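Given below, in the form of structure tokens, are the structures.
Here come two complexes built around subunit A, the first alongside subunit B, the second alongside subunit C.
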Partner chain A sequence: MNLLSKKSYIAWYFVIPVVFIHLFVIGIPSILSLALCLTDWSGLGKINYVGFENFIELFDDRYFKKAIFHNILWTIIFLTVPVCIALMCAYLLTGIKRGQMFYRLAFFFPYMLASVVNCQIWKYLFHPIHGLGGFFESIGIEALASSPFTTKETSLYAAAFVDGWHFWGFLVVIYLTGMYQVDNHLYEAADIEGASKFQKFRYITLPMIRPIFIFSLMIIIIWSVPVFDYVYILTGGGPAYSSEVVANYLYTHAFVRFNVGYASAVGTLMFIYVIFIVGIFGLLRKLGWEI
Partner chain B sequence: MMKTLVSFVSAIIISVSFSAFSKTKVTWSMESNADRDPIFLEKLQNAYNSAQDKYELEIQFEPNETRIESLRTSMLAGMGPDIVETPGPSYVKEYQEAGMLENLDSYAAEFGWKDKLIPWAYSSGVFDGSLYAIPKTHESMVMLYNKTLFEENGWKVPTTLEELEDVAGKIKAKGMDVYTYGSSGWQPTHEHLVGIYLNNYAGPQAVYEAITGEREWTDPVFVEALELLKKHMVDEGWWSGSLENYYAIGWDDFHAQFATRGAAMMTIGTWTFQATSLGIGQSGDEWGWAPLPSLSSNSGGPNFMIAIGTTMSVNAAAKNKDGAIDVLNWIMSNKDVVIDIASDFQFGEFVVPLLLDDSDIPSTISPQVTSYLNEYARITGEGNYGYCTWTFWPAEPGVHIWKDMEVVWAGDISVEDFMYDHQKMWDKARKKNETLPVPLRD
Partner chain C sequence: MLVSNFRRKEAIPNHFILILFALLAVLPILVLFFNSIKPFSEFGLNPLGPPSEIRLQNFPDAWIAGEYTKIFFNSAKLVFGSVLLCLAVSLLAGFSLAKLNPKGSTVIAIYLLVGISIPAQLYILPLFLLWKELSLLNTHVGLIIIYSALNAPFATFLIRSYMIRLPDELFDAAKLDGANTFQIFFRIALPLSWPVILTAGLIIGLAVWNEFLFALTFITDPNFKPMATILFSFQARFENNYALQSAAAIMMVAPIAVLFMLFQRRFISGLTSGGLKE
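Coming up: the complex of A and B.
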């Protein structure tokens, strides 16, 4: 009785409902899903154990390899383009005193919209008949005659562009929050020393927001693994798998091809990868990195 | 005290008589469509409920994008609606294999369903020798053309490949697209075109032999068929001007293009009849239809591809199995109801494959649709019918035929390699007993 009412356990009691929900909604289905990767289950009916057959087939699957490559490309794009633009804009915004709220809202606005809405806007803009292509054609310019979402060479980058356009405003807000926490005396000291704006950014801002910055990189790497909605809505992974990503590949196998066992094998590999990434960051933290 | 007792007894009598005379609910999860839903509510649900006192039919509408998955989840949980509607036989097969559908043999025998339905359509619901599904609608693929435009230019409606290529050149010279069609919003649209080329180049007999395992999909005649499709799609840009535009254009776009002379023809399923009549009707032009041209001497003349659009089954775990059976039997026993609803959709939807006579077709139907129905009955009656992929292909090869066709069109793999992979998938499906019923050919 005494043990149950111990003060240090009180926080646990409050957490228990959430733990239960997570257990039923995420924990148990995840474990079941992991078990399914060793079966040929279609999603209905009998479940047959097939050992590692799904994984053997997966490692020989050219479209799965293509999807992995696209996820890597996606991660690289998101680790560079939105991060650089967001850092620059956040830093510039710290110098704006009047109307800053307007910019913050404008940058963050796409992040508040549902992915379906964002995608429809861009799909419509690039529509060959009703979009910019049709407009340019009417004035004799052939630019954008084809939608970048339906062109094999550009579909992945076009989907990444739209997702990045919606995402970078979020980065601006978290970088800005970090930048406001930097002690102003450091900038005053730098001013006295005659430091340029870039030098202040490089030697004061960036090191001081490092925990937030590294955190943003970590979430980008992790979020790039299950990237799905923008690809699914804009391109469906096509044309010809040119924008296929792992999560969309999983979805197709699970819900279109009636190949749930195979899809679970894909999910298992995604799970292992995310655990690996989180492990690396955990290790770096243990090694004393401020992240 | 006496007053309380009387009230109590009255309440019991009222509740007992209410439950004795109240109807038991029958649920049906149906594909949602803003134009069609009110008609199904009025002419199916309400009409059935008024026609008898035993059951209360309740149709729950949901878009297919989410309905298919929520149906599967509820069925897995031993729940789900009493009447199970699926998008085709490959789905029925999955549910039937899982023991989730009621065997309808005894009801079919009791109510004589086999005598009421077109034989091939009835057999499409027979799995492992027993009936598990009734087609809710059957359909085919046709070629639509702008009749006014063709007449103005003196163009001949093509019936052969030569004529088709000739008129295509003339249409393009006028600055129009040959066909309008696109896959935006429904990626499996590609399979419509693949099916057309397989059946009208290789011929229905060859397709039948490949479905039944007597011929390999790697046979040169199929490779040539898909090479021709690739040429027309990629090199010639027949559909919506280019492959990229074909991918970017959806249902509303291609109907608008057809109505505004952006294209002269359209390859599409008969489900379009209502939309086409409404769309081009506003432009002042007249539309016509024709069987798809024969693309080689192998095809054996004009044919209609047969297909099941949606199916109706009874949930093995239905709360009201008798009610569900009664609804299905009511539909099949009331030809007038079916014709009335189908007429509202210009025979593009709810074309339950009941055996009809010419006299059954109402005068409210457009002349184009009437002539289609007559021709369809005549030509398929002569045994000249082909096979749509979404009705006769098992699940995995059925997805491969459209999903991976993009890879062929992109030039990433050859048609030969594609068909080699396709054959492997059929071999796998055959090994796992996943093939679907196919009507015997004479």
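Coming up: the complex of A and C.
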């Protein structure tokens, strides 16, 4: 239907506010950032064009490479652990009549909480004297004697664990929605054939929820790029850059050292990567994948 | 629905696994709650369990120590301001994209979709410098504008997908009666859309209440900080006073917990609608 056969410009009046506010806050600053990455600006004074020097410097930057590696690790962790747990829990939930709502609410609730709160909870639990460490000590088991957030070997995984703990319930709900759309006849047929629970999952559930599943993977890949809160609050990227991620690295350069050009270059790379990922998934869809 | 594909005897191990994960999700929050009503002196002996003596005084203590009367008001201002502004612009745009279909509206839709995927880190620094120029740093208005822009694409799509299902006959009839587009929007589209307005409002409010990165960057004056960043500095200030810290955290969780109990379905469907795409 067209409510405005005559005066179609009125339709634009309705869109202008959202476009204006979005351009003002996100669009224009993004374009500015894409331009500033070719300069050595420090936020004050003259802006010098330096070409791709920031990028050349970045590819030589040991800490930046470390941060990228950590983001890749982070992506891999999130693509496996929470996804597997969520798939399993969602699948088990579909076979349960009683208490379904209770489980769903319990799984989902941490997703509603602020990063600061979640971090505080786990900082306490992983505290060597209080929390779980103190508890284990009181029953005579030596575990978590030092906080995993301040240990070089574990800091990144500990931060990822807390973020994953708050995130996986979200995946359960998404997968559950997909699983409820599966035609029950398929399962009945499989039952007659004597298929096991795992076979039914592997050959019916997983293929049937593929669009949602693939979409969830894309979201995880994209959301793993700007990871900031959990790292900043729990470890600050430390100790000794052992949990540094790209967003935190950018934040330090932007707001502690005021390397506008350098930080913009990092932001530009993040943006290019995200657009690249979205492009790949778009291309796969065009090629006939059901995503 | 799928009950038939699990035999009865399988239900018990299923419940066992699910309960384990439910406990993993809920117990840490329960520990936080216990800690918020635990006397400070009890922490050394009893780090995880329920307190032997309930001390509600932790809450007023934290409230006073963190100057929460002011801080709570700051957060409330940000939440209400952002929800109102964001809903206003998103309702207009959602209505237009759903029912008016202006020429080239796909360009707008694509722009907003790209806008969702841009990492905040790309634009946060130029935005910061721009806000400095406009003297919007350390103001709530500045942060409200940012939050509205951040949440507007999501809200617009949510509202659009709802309004697109409203029957066209209603709009046609109003048009025949001589109503102009704005009247159609206010008299017909808005009253019919209250469910999606409520859902979108809750999700925007939750996002603003919990937001950390922008609050951290754009508000440095402690007098204007919202709950999230105050809690962060509170953790540093009272590093070893877990009773006080936990009480402060629970004060941030409580409103969300209450709203979640009242509107579970709305929260869940609203928050996952982005993941389930249009």
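Assume the second predicted complex is superposed on the first by the 261 of 291 C-alpha atoms of A that agree within 3 Å, B and C clash if a C-alpha of one lies under 4 Å from a C-alpha of the other, contacts with A are read in each partner's own complex, and residues count from 1 in each chain.
Going forward, a residue touches a chain if its C-beta (ideal position, glycine included) is under 8 Å from a C-beta of that chain, and two chains touch if they have at least 3 such contacts.
Because the structure is a prediction, the values reported are computed rather than measured.
In the model built by aligning both structures on subunit A, subunit B clashes with subunit C. If you count the residues of subunit A touched by subunit B and by subunit C, you find the higher number for C. Of the two partner chains placed around the shared chain by superposition, neither subunit B nor subunit C is touched by A:51. By the touch criterion defined above, A:128 reaches subunit B but does not reach subunit C. Applying the stated contact rule after C-alpha superposition, one finds that A:150 touches subunit B and leaves subunit C untouched. By the touch criterion stated above, A:238 is placed in contact with subunit B alone, subunit C being left untouched. In the overlay built on the shared chain, the residue A:140 is in contact with neither subunit B nor subunit C. By the touch criterion defined above, A:255 reaches both subunit B and subunit C. Contact with both subunit B and subunit C is seen for A:43 once the two complexes are overlaid on the shared chain.
Using the contact criterion defined above for the overlaid structures, shared-chain residue A:194 touches neither subunit B nor subunit C, since it reaches no partner.
Aligning on the C-alpha atoms of chain A brings subunit B into conflict with subunit C at a single listed stretch, 61-69, out of 61-69, 97-105, 115-123 or 205-213. Of the residues of subunit A, those at positions 43, 130, 255 touch subunit B in one of the two structures and subunit C in the other. Looking at the complex, you find that subunit A touches subunit C at residues 1-4, 8-12, 14-15, 17-19, 21-22, 24-30, 32-34, 36, 43, 85, 88-89, 92-97, 99, 101-117, 120-125, 130-132, 134-135, 138, 165, 169-170, 173-174, 177, 179-180, 182, 184, 187-188, 190-191, 197, 200, 212, 215-216, 219, 222, 225-226, 228-229, 233, 246-247, 250-251, 254-255, 260, 263-264, 266-268, 270-271, 274-275, 278.
For subunit A in complex with subunit B, the touching residues are 42-46, 126-130, 146-147, 149-152, 236, 238-242, 252, 255-259. The touching residues of subunit B, counted against subunit A in their complex, run 68-69, 72, 75-76, 94-95, 97-100, 184, 187, 242-245, 247-249, 253, 257, 262, 395-396, 399, 403, 406-407, 409-410, 412. Chain contact summary for the complex, subunit C toward subunit A: residues 1-6, 10-11, 14-15, 17-18, 21-22, 24-26, 28-29, 31-32, 35, 43-44, 47-48, 85, 88-90, 92-93, 95-97, 99-103, 105, 108, 111-112, 114-115, 117-130, 145-146, 148-150, 152-153, 156, 168, 171-172, 175, 181, 184-185, 206, 209-210, 212-213, 217, 227-229, 231-232, 235, 242, 245-246, 249, 252-253, 256-257, 260, 264, 267-268, 271-272, 275-277.
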